[in-house]
Structures are given as C-alpha cells and as structure tokens.
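Lettered A, B, C and D in written order, each chain numbered from 1.
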Amino acid sequence: MPRARRPIRSEMGWSTPDRIVVRGMDLPGEILGNFNLGDMAFLELTGRVPNANESKIFNAMVVTLVEHGITPSALAARLTYLGAPEAMQAAVAAGLCGLGSVFVGSTESCAKMLVEALPDAQAQADLPALARRIVQGHRARKQIVPGLGHPIHKPVDPRVPRLFAIAKDTGYYGSYAGLIQLVQQEAERAAGKALPLNATGAIGALCCEMGFDWRVCRGLGVMARAVGLVGHLLEEARAPIAEEIWHRIEDEASEHLRPEQ
Amino acid sequence: MPRARRPIRSEMGWSTPDRIVVRGMDLPGEILGNFNLGDMAFLELTGRVPNANESKIFNAMVVTLVEHGITPSALAARLTYLGAPEAMQAAVAAGLCGLGSVFVGSTESCAKMLVEALPDAQAQADLPALARRIVQGHRARKQIVPGLGHPIHKPVDPRVPRLFAIAKDTGYYGSYAGLIQLVQQEAERAAGKALPLNATGAIGALCCEMGFDWRVCRGLGVMARAVGLVGHLLEEARAPIAEEIWHRIEDEASEHLRPEQ
Amino acid sequence: MPRARRPIRSEMGWSTPDRIVVRGMDLPGEILGNFNLGDMAFLELTGRVPNANESKIFNAMVVTLVEHGITPSALAARLTYLGAPEAMQAAVAAGLCGLGSVFVGSTESCAKMLVEALPDAQAQADLPALARRIVQGHRARKQIVPGLGHPIHKPVDPRVPRLFAIAKDTGYYGSYAGLIQLVQQEAERAAGKALPLNATGAIGALCCEMGFDWRVCRGLGVMARAVGLVGHLLEEARAPIAEEIWHRIEDEASEHLRPEQ
Amino acid sequence: MPRARRPIRSEMGWSTPDRIVVRGMDLPGEILGNFNLGDMAFLELTGRVPNANESKIFNAMVVTLVEHGITPSALAARLTYLGAPEAMQAAVAAGLCGLGSVFVGSTESCAKMLVEALPDAQAQADLPALARRIVQGHRARKQIVPGLGHPIHKPVDPRVPRLFAIAKDTGYYGSYAGLIQLVQQEAERAAGKALPLNATGAIGALCCEMGFDWRVCRGLGVMARAVGLVGHLLEEARAPIAEEIWHRIEDEASEHLRPEQ
C-alpha cells in the first residue's frame, strides 16, 4: 500500500515574475524603506507588523545579544575563516553551532520554566509562592535555575536593569518579568551567594511577556549573533588573530610531547 | 629558536563586572533602546553610528535579503531541524552553509567588479566605456557578469527599482549604481536576451556607494538570511513539512532500485 | 587579581619538521600502510591499536552507519551543495548538523541507559529484572526506550542480527547485548506492538561491550555519516537532484498563496 | 505554463522492511564484517569493491589526513563543543567548515591541475616539459602551485615518501605522481627556496592515479578529518582546554581597551 501523501505548505512567502510577498506583505512596496531589520525579524516570527512599543522592546532584546567581545563562538568563526576565507558563510555557521545549552540556550529554558509555571499571564497568581516552588523544585532535582548567574557580571548584569526599564516604558513589564526577579531573589537567598539575573534570563521573561513561543527564544540569540559574527569576520579579514592563536595553542598543547630541540 | 609572538587584539568590545562596551559605546546606556538591529549591524561593520540616511538605506538592503520563501537554504535548515530539534542553532547553521557562489556570493563578486573598475568613486569616469569594458571582459573570459539574471524575476527584479529609489532619497545613488545599470544594459544587448539586474547586483552596487569593503557584502546576506531561517524553523516546529519532503523524495529517488512489492 | 592560568595540553599528536606523531605512534612509519580508516578511528578514540577482533567489530559498527539512502541529512547536504559547490566541506557540515536526538543520538541514549543500569559489566546481575526495571521506568516517565522501534525495518532491523553475530564471533556479545535484547522483548510485551531493536540500539550496546564512554557513541554515527555524505555529494555533482527538489517543493508550498496565473 | 518535472533518482541505496542495500550490495549480508571503513568509503565513491591494492593505498591516503594535532579546525570544534556539548554533531560540523582553500582544498586544486595537464594517463607525454609549463604558468599568473610548501615540514614532508612507497608497492605510482615530483623540483628551482611536496599534493596526485574525479579529493580530507575531530571532542570532554583558551584570548585581545582595574 503506497504511503498517503500529506500536503506541503508554507506561509512564509511567494514570488512571481514581478512580485515578492513576505508573510502577506509586498516586499518592495510595503516593507523596503519602512521596516528596520528588527521589525523584519518580528514579522518573520509573528506574521504581523510590530507597533512602536513592540518594535522598541523587540529591537532592544535582539540588539542585546549581538556582540559580547571575544566569545568561544567568535573564536570558532575566526579559526574557520582562516582555513576557508572564500566561504564566509561557513565561518558564520561554525560560530553559530556552539550557541547551545551553555551560552544561549538558557533563554529558552528560562522562558519554558516561566510559561509552565504561569501558563496564563492574565490570571491572578501568587508570584512569590510560584518563585519559591520553582527554586525548590530545581534544588530538589539538583538543577541550576536557567537565566541566573554570570561569570563576570556581578552582582548585577548591567543589561538587565536597562532591558526592564525599556520594558516598563513600552508596557512589557508584567507578571513574567516580576516572577523571574522573585525567582532570582529566592535562588540567591537559598544558595547563599550572588546569583544575578543575567541577560538571557531577562530576555526569556520578556519573550513570555510578548506572548512568544518559548521555541523562539534561542532563535533570537542565533539571529543576533549572526550579525555579530559578520562583524568579527570583517575584523579578522583586516586585522587577523586566528593564525597567532592557532600557533600559540598548538605549541603549548604539545610541548610536553615534543622531543627537545 | 622559538617563534616570535605577535599580539592578539580586537576592537569589537569588552566587559568588566559592571560594564559592557561594544565598538566603544556603552551597550546598556547608549545602545539598548536607541539602536534597531540594522543600526547595530552597521555599528558592527563600520565602528560608528549610522546617520538617518545611512540607517534607512542600510536597513533596506539587509531587509531585502531576509526572506525569499522556500529556498534551498530554508529546506536544508528544515531538514536539519527534523533530526535535531533540540539544536536550532545547528539548523540555522546548516541553512547558512549554502550561501555560497551561486545564490548570495554574487553580491560580493558584483561589488568587487565595480570597485576594481572604479576605485575612486569621486573621480570623473566615462561610465559607458567602463560598462562596455566590463561586459567585453566577462564575455572574453566566458564568465557571467555577477548581479545579472534571475530565474523568476523577469524582465525586472521588483526589488531593484525600489532599492534604487531609496538610494536616491537618501543620497546613495551615485556612480556605482549608475555603472551597474549601464553594465546591465550592455550585457543584455550583447547577450540578446533578458538579463535583469537582480537584488544581489543592486545591493553590491549600494555597498560600493556606502564605501563598504566588498568582503562585507556576503556578510549582509548571511546575517539577513539567519533572521529568515529562524522564521522558517518556527514555522517548521508548528506546521512541519520536512518529514513529508524526505519520504516523498526517498520513495521517488530509489523507486527504480527497489524490488516490486 | 589576575585570573590564574591553567595549562593547555593535548595528547592527540605533534609534529616537528621531519616527524608527525599521532597518539604516540609515528604516522608515516607505523600507521600508514598498516591501519585502515576504522582502525585509525579506534586509535583516535582509545589511544591504542585495536587487535584483530576489535578491528573487526569496530569497523562493522561504523560501516553500518555510513549509508542509508536519501535521508534528511543527505538532502540537507545536497541542497547546500547546490548553493555553494565550491565549499563541499560546508555541505558535509550541513548534513552532519541534523544528526541529533531524533536519528543518531539514540545510540548515545541507549549506551547511557545500559551503562547506568549495569555499571560493572563483570558483576553478576539479574538481567531480566534489570530489563523490567528499565522498561517500567521509561513507561512511568512516558519516555520512549532509546534504540527501539524503526519506521521501516519491522519486525526485525536486518542489521541487528548480523552485528550481534559478528559480536559473538569476536567475543563482544556480553551482558549489555543480552540486556538490550531483554529490554526489547519486555518493551514489546508491555507496548503490545512491534518494537524492534534497531541498529542504533545494537551499536549502543556494543559500545558498552567495548568499554567505550557513552559520549563516543554519537561520534561513531557522525564520522560514519561524513563518509556517506561525501558519496552523496559526488553523486549530486554528477547527477544532480537538489534543484529539482527545490523547485517542486517551492511550487507546492506556495501554491495556495500565489495568485492564479 | 507549468514547469516540466524532471525525475529524481539516486543510486546510493534503498531499504525495504527486511533489506538494506548500499550501492547494489546487501549491507548486512555482504558488507558488514567484510569491509573496513576505508573500503566502505571507496564503495561510496566508486560504486565498486576495492581490490587488495586499492584498499591498501586508499586507506593510507585517507588515514594520512585524520589527525594533525591542534589545528584551527580542531580548535573550532572544541570551542563549539564548549557551548553545546549536547550537540557533538554540530561541533564536528563547525570543525569541518574551515577545510577550505587554505588547508585541505589544495588536494583538489593539485588533482585538477594534474589532470588538466595530462588528461590521458596512458598517453606518452613529455613529463619534464609539462612540469615546466605548469610552473611557468603559475608564476606568470602569480599563483602558488597547489600541493607545494609547508610551514613546518621542511625540506621533506615525511608523509610523502611513505605514501609514494605504498603507491609503488600497490602499482599506483605512475605519470601523475611522477609529474607532481617534477613540478616540485621545477618550482623549487624557479623559486630559489625550499618548496617541499606536501601530503595534500601527493594525495592529489594519487587521486589522479586511481582515476578519481578531482572533486573527490576535498571529500577525502573532509571524511578523514571528521574522524579526527571526534577524537578531539572526546579528549575535550575528558580534559577540556577550550574554556582556558577562550579566557586567555579574551583577556589579551581586549586588554588595551579595558580601563585599569
């Protein structure tokens, strides 16, 4: 018996010889000249045009994640470019491959945690009780609470108060932002050490405020970092460091093995 | 004799416990809330804040390249997500890997061609003569002229007149835009068939107008497509098509080999 | 206070002008001409030369995973090659990116499950009781048992009896192989439907038999598939299918959106 | 007018519930237990079983490229694994992305150069004259001759004499191997400095001897390196160095920017 065919459909866009339509909007006529890149990302993810407040908070969330100096991801991209300068797209791809559970994935885990604790943002909820339950649950399972802690930014990640100020200005500081701040206080109290809310935690909460699917969260980091990686590769093309890094590490890593010269 | 060490330096950004600085600007204090994602990309690439005209034309250039429906790149990303939904970053990476010489690289080749033909944008130049020389050179070497031709958009790629209109509005329609349009006319005449200027050609010319290194060009397509691919993967998560594509193609591709059942 | 430096060391290999040493062995003098590619992989993973039995079973395990026709991974690689034929490495990379939790990761999960249930292969253990506990635990947590089930190969995955026959020949059919077969029977009984042991499950068990870290398992699939993807890309270069796939899917996916022509 | 459909066909393999066939051979019955991983790669690329000589030289060629210590590619893979240890496949993919024109692509360029100079291996040819023409052509175009020169291995790359010895043993030292050695001597004489034939040059020549399409060459490096990268990632999981590399480079690269502390 042959397999039944299921239809193949996408709503992302279509083209004819004289038209290009993206999410229902005419690209040349309605989008170009009117949308900035963050608004275009919003359209891609939601299928609609952001209003002024949505545009402001969404652009701030994504811009936050573009550049953080010499990260492992930037190093991977630069070392890849050293071997294949003719394929810059592959160097950006290599840099993105490491945006997993350790560095960017926590946005996603944080949003998932918050939306599972508070499925209905409009409901009356005892946020302090929810915060305690979240922290106790993670401690009982010996899991870290996603979105908390930072190796450098202590006692406060400086991006967080700014993001929350923009959220208040634009009307996106609500129960999820409040909840993650209570979770942070509770977790810090329980751990007895500094556990600052970090940028991925704040952005995870803001994704919930905007009604985004938690699966969107990692995508925000990925698109933002793609922008930043192109910046790093342009610098690498002009003022290269990858070859020097390679030789230094190779020398040191094998020094104990090589015969004395 | 030990290898001499060379210094390792980057100007992209730095952090201390309470500060994050990107290209010399304070991220929370000066960037967040003020920059849209396209402006942030401009800062990454140039090290400075775009003015209003630069912001408008640059955002339009990048936005143009975000979404073009079901492309090979979008399909590669979706098929990758099917096997590793927990690693969305790798699916975006897979989608980017194909942005090479055939689809996105032509922006780069076009910019390189234009800037080599006209190294000084301010110089008086005989643009029609330059255009003829470019076309004759490519024909003599049996090379296609980068930035011309499109499988669907004929006789005009609808993105091009809109991009050039925005360029005129913002003061970025100059010698390079003029030259690529003369090249298009000359190439079409020489070939005796429709060879529309496509979006990658127009964007390559606009990169020259803005004084960008031609190596930036491919990067614009890569960052834009990363945004679009996240949109495709969110749709794939909600309304999947990759599995159906796989089964159909697998069935058809091996039908001539499998024994009758 | 400056950060304390930790040493950077690797045991993989080293070079001087006239020598190349890999895992302590002279590459030209001891390895080339003596090792096949599977033996070299064994050396990379274990730091030692396989004996004849190890070579036979290990090569069989890896060879099993090289080629399975038109998979999502092969399609992603081919669609990537369409856009960047000058960067075949990136097309292989794109194909590998999807070897995650759904298709290849189950080898890893299966090995982890077995080694956690039976940490000491030499210990006397009640394997049927262990198998019941594993299946009950997964059912209670509503998790699927890794290594079981296959969309096509029913009631028996034909690779499994052959792999286990080779394992018996070479002395690698022990408690882990026995345990996964008991788990399979128990899971099938509990589910009341066919749940064949698949190749990833058998290979996961054999990794345990050989004393490999469960983290090696996914790597076996990744290296094997890299070999297979090069095969697919060579076929794509000679008898391309990616462009046809693209056009068909694009047409169908957007048919409901495009105006009638 | 609707687009005409073209057929979609692949000869790589097929499956039914009880069979898996790869390149016309039964995987469980004919391949498993009989083929080593290098032989399987040969089958994938050529569609046929290697004889004993082909197996020996082909395995040696691929094994040569598996491991070369701490390369940029190994570093990119390790830095990627640091951020996404749950997605080892993506770390291998990142490591492969840099196998482009600088490090591995020269195999391909060398094979292409040789086969264009000597399209028919059986023809009587004046090899010294061909070698002179090749070197003069590259010098006139200011191009480097692919396959020559090495940053470390001087005056002889120790892999080359061993590979050519195996080629002589197995009957694969012919006109292409002879030609590349003449090219090396001619290039060294013309340059007036050491330009050793490197492993990629020797392997490029041997690909020609075996009648492989030059497009296969890069693939040999890609599959071999995938094996090596899995080895590096297993070491990284057990004795990590990526985090230390990251912190050191980040500190040094931004030291001139950060305020004194």
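Assume a contact is a pair of C-beta atoms (placed from the backbone, for glycine too) under 8 Å apart; a residue touches a chain by one contact, two chains touch by 3 or more.
Here the structure is a predicted model, which means the values were calculated and not measured.
A.B. asks: If I rank B-D and B-C by number of C-beta contact pairs, which comes first?
C.D. replies: By the number of C-beta pairs in contact, the winner is B-C.
A.B. asks: Comparing residue numbers, which of A-C, A-D or A-B shares more than half of the contact pairs of C-D?
C.D. replies: Matching more than half of the contact pairs of C-D: A-B.
A.B. asks: For the copies subunit A and subunit C, give the interface type as same if over half of its residue numbers appear on both sides, and as different if under half do.
C.D. replies: Counting which numbers both chains contribute, over half are shared, so the two copies meet through the same residues.
A.B. asks: Approximately how many whole Å separate the CA-defined centres of subunit B and subunit C?
C.D. replies: About 36 Å, centre to centre.
A.B. asks: Between subunit B and subunit D, what distance separates the C-alpha centroids? Give it in angstrom.
C.D. replies: Chain centroid spacing, subunit B to subunit D, equals 30 Å.
A.B. asks: Do you know which subunit D residues sit against two or more other chains?
C.D. replies: Residue numbers touching two or more other chains: 7-11, 13-14, 16, 69-70, 84, 86-87, 89-90, 93-94, 97-100, 104, 241, 245, 249, 253-254.
A.B. asks: So in the complex, which bits of subunit B are touching subunit A?
C.D. replies: 3, 5-20, 22-23, 27-29, 31-33, 35-41, 44-45, 55-56, 59-60, 62-64, 66-70, 74, 87-90, 92-94, 96-100, 104, 152-154, 156, 158-159, 161-163, 165-166, 169, 213, 215-216, 218-224, 226-228, 230-235, 237-239, 241, 244-245, 247-248, 251
A.B. asks: Could you please specify the touching residues of subunit D with respect to subunit B in the complex?
C.D. replies: Contacts found on subunit D: 7-11, 13-14, 16, 21, 84, 86-87, 89-90, 93-94, 97, 249, 252-254, 256-259, 261.
A.B. asks: If we count contacts the way the header does, which residues on subunit C are in touch with subunit B in the complex?
C.D. replies: Against subunit B, subunit C makes touches at 69-73, 75-77, 79-87, 90-91, 93-95, 97-105, 241-243, 245-246, 249-250, 253-254.
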